[in-house]
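Structures given as structure tokens follow.
First subunit A sits with subunit B, and in the next complex the same chain sits with subunit C.
Moving on to the complex of A and B:
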């Protein structure tokens, strides 16, 4: 595009720029500037002891990120956390959507009740479940003892169980979103397809894999992408259920670990570098997934 | 009301209902549990009973949080005489911290909602209707912001607010919340505007309506469902946000609900009942709104941002 065409496009769309200007001012102030600032800090030695007299140290902080074995441990933990959560969110969500998509008396009531976990603010979910995991008085141990006759579990003081507790909490929190998306997707699949399949004698199982699954995919793939990003970065649940990584900083995922480095240990430069690495991981994933989405839509 | 299908067997239905009941119990139990705890009288807070509603249910926890009785009224009146509205407010928050958090959160959430709806409705319209230079890039940049880990913006924002001397004020909070809700809201609005036929606008333009008037008199009213969803999302985002508030606000008088309730919960042994009652009160408005609007949510989400 040459200069005159550029100028003409600009003139024709002057109003468009006016419409987006306020939003982008706010985003520039709260998102773009901090983002650039974060990049600067990541190349510096800024910390509590070098708060004002910080200087550039090149790639030193990145070297620290990648040479500390802890990073790889946390990365794997975060991957596992994301995979386990997403697996349950999607399977439970799609399964419930399938059940609720058929004519069923009481369907609206079930749908409303099943959406409830989504409607409750995340921090309340996390704090409430933390209370339910209390060793002596928490409902989970009481149910295990009194209903199922099982031994109580040290939910919050054992690293493995603390992880499990946070995962259970997050599964509870996340399946309604997938259910709602899947319901929306199912409603857009024409019934005639199933009628035709019935005529051809296809079993319910065959119908699911040949009609439902492929037609649901274009709706679910973007939702899963979002889900992966949200879960990978889900600070609230892990932080609040484990009360800041307890016991002994053993229940962190990457994002909660960075928060601890910033606001408890004041390792600003290191934390900024690690934040950028996390973003890089998600960006790479996001680009790959968005491409794939486009591909599926083209086929569809 | 959907009816039973004759082609489906009775056992299938029994199975479906059994599964639905189990999952629904899982979904609803924590909510019932927190309501149950909020109704426990003080001496029943630590109980090993699994009864959801305690035998001598009491509203004591709620009363401790919100009842404005004679002594409180006197303190507030004294505060009013000393320092007017602000003084009265200070006295109230000292006597009833929960009321203070509630008012703070309400103020912040409403301002964030107003700001987000205004900004997202205009920006979304530009993205839907104009082919301006930088459009596609900006849309992708908006999605990219969803991948930022909280700390990446929080640390610089924290340092920045300290330098600008707006640390510990609501301005930082309101702008930060609006900005975090915006990318999603703009995509949501854009997706909805895309479904509003352009011919309506052309007709209005031929009748001599200005560009801007066409937008706010013709298109905006048609986009009402999307505006409502946008408002809901930004309200919930601000009402439920814990992390940014925990970092930006450290003056007790300025606490919002999430940081306040967290205080109750950290003293699990002593204030479990107050936490539970507070949690129930916090949930009532959002859950009501959410359920009321959930019908629109299903169509709104699939039409809008998620489908891209």
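Moving on to the complex of A and C:
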């Protein structure tokens, strides 16, 4: 649209522009300004000893981010965290949606029960799970010992198991969202397509891969994109289940590590640079994923 | 005409937004704000004091806003960056170091007279680099041994006694191979609870120059003692603050190491508690040294002129002997004013007497900002020690090297 057309459009839709102006102003104050400020800080030496008297240091903070081996370790852990969570969120969510899409007795009750983990405030769920992971008194180890005769696991004091505990909690918290989205997608698929497939003699498996999966894709891809971004940046679960990265700061993902750098060590410049790196990673992923999967294209 | 009315309405909306964004936060000159991280019973006392202050000073209104400790510090830093924030900020003495380095609090030196400070406990006058930055209303905040009198009428006086009593009190009652009761519990997650033992073996966290002193024989020996307690199952295998409290309240732990913030909860739960010193270390003959800190008020660096004078007026009121004594009655807190300690409660309340007895062997918590790095360096190594991934020697070395690294990073350009 050239400048003349834009001006013409503005004249014709003046009232509409006026109506959306307040939200733009609010967005500017609460999103754009902090974001731009974060960019500025990422090029500065703002820290405990240079809080009000900070100065620009160019790319120094970015150099620190990329030269610290810990960044790569945390990046890989974050990728693993995201991939494992998303895999289970989507597979469990779609599986349950397929079951709930069938004419089951008490379907509404099952739906309600399965959405509960999502409806309960996240911090309550996370703290409850943390209690259940206690070595001696937690429900998980008690069940493992008394029902399955297994040895108790140091869920919260061993780095590997603490990471696993946080992952299990987040899987529990995340599958209902994917289930709801998938269920909505399934209900929008015309029944005639399955009836035609039945007439053609297609098996249930063939129907799933040739009808259900392609028609679910436009619904699931944006949900997965959102899921990746949420999980990659899921501070709450990691922080609450592992009580701030415990044991020994071993359960951090990038976003919880940033929090620690800011609020425990006052490394504002460094943390701002790392935040922008995380933003860049997610932005690149989002664009690439949506293009690759052609998520925004119509399917029928 | 209709378009004009819409435009007018939108104009008013914008004006309102701009007022909220830029003008709405301007403080009323007669309204004084305190940000506090005090726990609930303390805030109840503060509320009554602020109401009294407002009654005695017509035209002035004092209010408190509560934040959790970490949230208080981060919000105060953000507010300070924007040139605003509360008039007074209330918290433990260790907030002074970072807030001073950031230039967010101002000293009281020229605002309070020497004679009016004379009656304060020296620990209540928190100075940093020679300047007074925090005036406390309470001192203490220290760990003590809390015991259930019904299970254990007389607490152990030495670690040798603790080991002996511990092996009797930690028991598997139903023979399922799992212990149902423990002699002692405390929060294993936070190294704050390790400090008394460190001192009991002759160590401390930093030297006079705020350099970490963690890779020492004292750290190693204290670590070995704690791992011994776990090996003998005198303490649970894993234990955080919540679990320690639950075990003690349910009578499944005879003793717990905790601070004054916990006593009210134990009494409310019906536990007949007694306080005692954390047992003397038999090997060294030294008493464990819980960290002792003052809690009090810092003055916002952005305050000047008349507003600052009003904030000082409020500060004087809140630290007056009769007012700090209210916390003693409500919380068994040790007041910052020596004059207040002449009250009869100090000769008849056993909890208060025991608390003071423990305080007498405690050590002041360092207020240098390096302390933050030391906490964060100690925590992972301490946790790794407890989960068996590090030996005491490795843990001591890791604490030291991590603390040095974090301090370098915190102060890096």
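The definition used in the following text is that the second predicted complex is superposed on the first by the 284 of 300 C-alpha atoms of A that agree within 3 Å, B and C clash if a C-alpha of one lies under 4 Å from a C-alpha of the other, contacts with A are read in each partner's own complex, and residues count from 1 in each chain.
Criterion: a contact is a pair of C-beta atoms (placed from the backbone, for glycine too) under 8 Å apart; a residue touches a chain by one contact, two chains touch by 3 or more.
This is a predicted model, so every value here is computed, not measured.
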Fit-or-clash call for subunit B and subunit C when the two complexes are aligned on subunit A: clash
Partner chain in contact with A:134 - subunit B first, subunit C second, else both or neither: both
Touching partner for A:20 - first (subunit B), second (subunit C), both, neither: first
Contacts of A:154 with subunit B and subunit C, given as first, second, both or neither: second
Which superposed partner A:278 touches (first subunit B, second subunit C, both, neither): first
Which of subunit B and subunit C A:209 touches, first, second, both or neither: neither
Dominant toucher of subunit A (residue count), subunit B or subunit C: B
First, second, both or neither for A:66, with subunit B first and subunit C second: neither
Contacts of A:116 with subunit B and subunit C, given as first, second, both or neither: first
First, second, both or neither for A:49, with subunit B first and subunit C second: second
Touched partner set for A:10, first subunit B, second subunit C, both or neither: first
Region of subunit C that runs into subunit B when the structures are aligned on their shared chain, from 182-190, 236-244 or 290-298: 236-244
Subunit C-contacting residues of subunit A that also contact subunit B: 15, 19, 22, 26, 29, 131, 134, 136-137, 243, 262-263
Contacting residues of subunit A [partner subunit C, same complex]: 15, 18-19, 21-22, 25-26, 29, 45, 47-53, 57, 131, 134-137, 154, 156-159, 243, 246-250, 260, 262-267, 270
Complex contact set, residues of subunit C against subunit A: 3, 6-7, 10, 13-14, 17, 21, 70, 73-74, 77, 81, 98, 101-104, 178-179, 189, 236-238, 240, 242-243, 369, 372-373, 376, 379-381, 383-384, 386-387, 389, 406, 409-413
Residues of subunit B that touch subunit A when the two form their complex: 1-5, 8, 13, 16, 19-20, 23-24, 26-31, 33-34, 37, 45-48, 50, 115, 118-120, 122-123, 125-127, 129-133, 135, 138, 143-157, 159-160, 175-176, 178-180, 182-183, 186, 211-212, 236, 239-240, 242-243, 247, 258, 261-262, 265-266, 268, 272, 275-276, 279, 282-283, 286-287, 290-291, 294, 297-299, 301-302, 306-308
Of all residues in subunit A, those that touch subunit B in their complex: 1, 6, 9-10, 13, 15-17, 19-20, 22-24, 26-27, 29-31, 33-35, 37-38, 41, 92, 96, 99-100, 102-105, 107, 110-125, 127-132, 134, 136-137, 139, 142-143, 146-147, 172, 176, 180-181, 183-185, 187-188, 218-219, 222-223, 226, 229, 233, 235-236, 239-240, 243, 254-255, 258-259, 262-263, 268, 271-272, 275-276, 278-279, 282-283, 286, 290, 293
